Amino acid sequence: MNRFLDLAGLARDEILDLLRLAQRLQDQPEPQALAGRILGLVFFNPSLRTLASFQAGMARLGGSSFVITPGQGTWQLETRDGAVMNGGAAEHIREGIPVLASYCDALGVRAFAAGKDLAADLREELFGMIDALCDKPLINLESAMNHPCQALADWRTLDEQGIPERGRFVLSWVWHPRALPLAVPTATLQMAALRGMDVVVARPDGYALPAQVMDRARQLARASGGSVTETADRAAALQGAHVVYAKEWGSTRHYGDADGDARLREGLTDWCVRDSWFDAARPDARLMHCLPVRRNTAVADEVLDGPRSIVRREAFNRLVVQMAVLHRLLKPGVN
Amino acid sequence: MNRFLDLAGLARDEILDLLRLAQRLQDQPEPQALAGRILGLVFFNPSLRTLASFQAGMARLGGSSFVITPGQGTWQLETRDGAVMNGGAAEHIREGIPVLASYCDALGVRAFAAGKDLAADLREELFGMIDALCDKPLINLESAMNHPCQALADWRTLDEQGIPERGRFVLSWVWHPRALPLAVPTATLQMAALRGMDVVVARPDGYALPAQVMDRARQLARASGGSVTETADRAAALQGAHVVYAKEWGSTRHYGDADGDARLREGLTDWCVRDSWFDAARPDARLMHCLPVRRNTAVADEVLDGPRSIVRREAFNRLVVQMAVLHRLLKPGVN
Amino acid sequence: MNRFLDLAGLARDEILDLLRLAQRLQDQPEPQALAGRILGLVFFNPSLRTLASFQAGMARLGGSSFVITPGQGTWQLETRDGAVMNGGAAEHIREGIPVLASYCDALGVRAFAAGKDLAADLREELFGMIDALCDKPLINLESAMNHPCQALADWRTLDEQGIPERGRFVLSWVWHPRALPLAVPTATLQMAALRGMDVVVARPDGYALPAQVMDRARQLARASGGSVTETADRAAALQGAHVVYAKEWGSTRHYGDADGDARLREGLTDWCVRDSWFDAARPDARLMHCLPVRRNTAVADEVLDGPRSIVRREAFNRLVVQMAVLHRLLKPGVN
């Protein structure tokens, strides 16, 4: 394994193997496993958990890391192929990525969607370019349409909580002051489908996930014995839920049109998870969220501070599963 | 010990023990003492010494660290309880702090006073919340009203210089272009009182430290055999001083009122430490300052570049004493 | 050796010795050579390669590092002697540099030219002050008129590529949207002269390097058996070139005058390296650039993506040679 870019692109056995390795590293720490190994981290977009958990994870395995944040201490990097660079960006990723890769043993890159052209974002054009430019093991720290580290952490969290593989997983759109990328809902949906769950995507009209995303999820569900449906009827979706996975994302009807999206979401502020959402769910239903979460707009205090919330555990599991990913990428052949 | 939040809250023996440990780690380095241990550092406010000395201190003890700076690479964190988060902050400390704590073995946090409501700042509301949210050892890297790392470094510096425990310690207000927090003057005053010194706070009218701060210092002085007084008569204060500890802070008469403070300080530019301040001091009197210091507004070049200044040594001692704090927090039971 | 400030100030044997050490550390890694050693890195100006390669280099040798970026997480540092600090800068380098030096075993500092007064920049006033304030080994990470790490990496790259010591080295000005410092062209010119090459500086009228810089280069060339000439006739310069080293820099005729420089460079956009530049060069001629490079304004895609470009290798060699520098500075006596 020298790429960790897309959880749904792995075979189920490979995922289960990563989860077993994560558990083993928890039970029997290997503080020297990656001694002398260096992880480069490039953040085109801001980070809290990803930065801290990757730096901590490398350190717990005896390795080290460096961080590059274009625009903060480092100039902006150009990403457009063929660009005439007479604007703000001082360096192209065609130089930047291979150079940084040459300094380290593995590279992690965060590069969100441009959010203007849905088809381009679905093609993962930017991350595809980064992938082609990097001759070291590469980790997707969130791309236009993916977030495999989050998805793997969430799978582990579902296992830990004893959520049945065939349980009802409601991925629900929630309100946010502005349009956010589709990366997490896409990765979450595909993870739950791959795990074999009965997945319901609850979202208002205008916020359907792209057909291509839904189709892939349905295909994954077919192979795993799960199912994928979608609805704008939130109350129906929440019936019998084992898990409510709350997530904010932008309107696909108004993709790249901030004003259109803003008008549409104006009337949707009741899509804030409250205790009442769980009235018809299973008694022990859980609230999941990848964080960061805006309190009292996306999820109410009463839920985040109550016993249903497992959002902190999801975040902790980022560290746990990423150590397994680092181990696989940087210490191959000895697992 | 799993908190280092307030030097004056420690028993005198605990402080002396930390100072002895600091010396021992200088004399007999322990380059593997904290191998595999990780310190998380969160800076809500800027830092130079604190960042560098904590990262260096962990490295010298064999451990490692990561740094989170909300607003720079990481989004702003909301701190208000119950906030409806539809503004700039993307995450609440109710998630952020426990998540970061879960990635490391100890957390250090810098969070200055809001500077609007003196009573609220005196209650240390924000740091109290952070304290409650962190289930790992916690270090105060400067809070609304405290800076225990600076205070401990200054105690060591006084010892090194042979300043008598009963010596005359003049904490003098000095000029700065704008109102600064009360954290360092408060921590310094209490440290000197706790050490048993005869402390005089010299400050212009309108800049008296809060009654609650002075009262606690007088109480500490009573227990240690020292004394605490205050005056606006700078010349009288400086008489016979062993130490002049210069510090900028905001008007308590105009707390939270930048304009009122600005008008009051307009006429106070002669509160810049010059050689002449030492005319009636002891011949070997020292100039102390926690840094950063503005030259020729707070303290003149002639003093900072002269033999009285021990400000660089104070800064070096930050590293020395913080290594002892880290050792106590992260390697308990073996000291 | 406790300074690495100016490659051309070293004896040829010292340089060859560093290059041999660099190769040895490539062939026989020493992952514990600098265990427990700490490098402090101070960036007054942005960085990508320098930051990443120094942090990676220390890690590969078993050491660690911390990073201070004034203005980003750390306040601005005042550099003017005698300044009355009532403006934006909160701390003077007279405190900042010695304090940071006291926390580490070696300090690296990047501080570009002010770009206003050519004579002052030629005197390296700022870096001279930093040098005087630092009592630990010091590395120049690019100063007003120098970049010794880049120059050493480029020497190694020339050796690796088998470019003859007496080969023709064309340092060519190339277009950039604004005036850039003279540090790299100066260091490159002197490196090539010191190596014994036949150096031609090709630059438009108004962009001649300062006489003092050219004189020193000619002196170095005389001692090494090389030569140094300059011309505005680019086509003539490129005849028979082994290497075209492209670099952007500001007009010396309009030094400190952004408008004058902008008007002059308006008509110079054809100074963008294209394949056709190599028509009269040697068949195996190489394109070098220190990076960051702006594509299709300074150097065209066709050259950067073609077989002549060795810019990525130059960047990789930064890591390789800097490890030798760190080894010499921090592990003296055992090489």
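Labels for the chains are A, B and C, by order of writing; each one numbers its residues from 1.
By definition in this document, a contact is a pair of C-beta atoms (placed from the backbone, for glycine too) under 8 Å apart; a residue touches a chain by one contact, two chains touch by 3 or more.
Being a predicted model, the structure only gives us computed values, none of them experimental.
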Chain C against chain B, contact positions shared by both copies (same if over half, else different): different
Turning angle required so that chain A lies on chain C, C-alpha fit (0 to 180°, nearest 5): 120
Chain B-chain C separation of Cα centroids, rounded to whole Å: 40
Contacts with two or more other chains, residues of chain A listed in rising order: 64, 72
Touching residues (chain side chain A, partner chain B) in the complex: 29, 31, 43, 46-49, 51-53, 55-56, 59-60, 62, 64, 67, 69, 72, 177, 291-298, 301, 304-305, 311-312, 315-316, 319
Residues of chain B touching chain A in the complex: 35-36, 38, 40, 64, 66, 68, 72-75, 78, 82-87, 89-92, 94-96, 98-100, 102-104
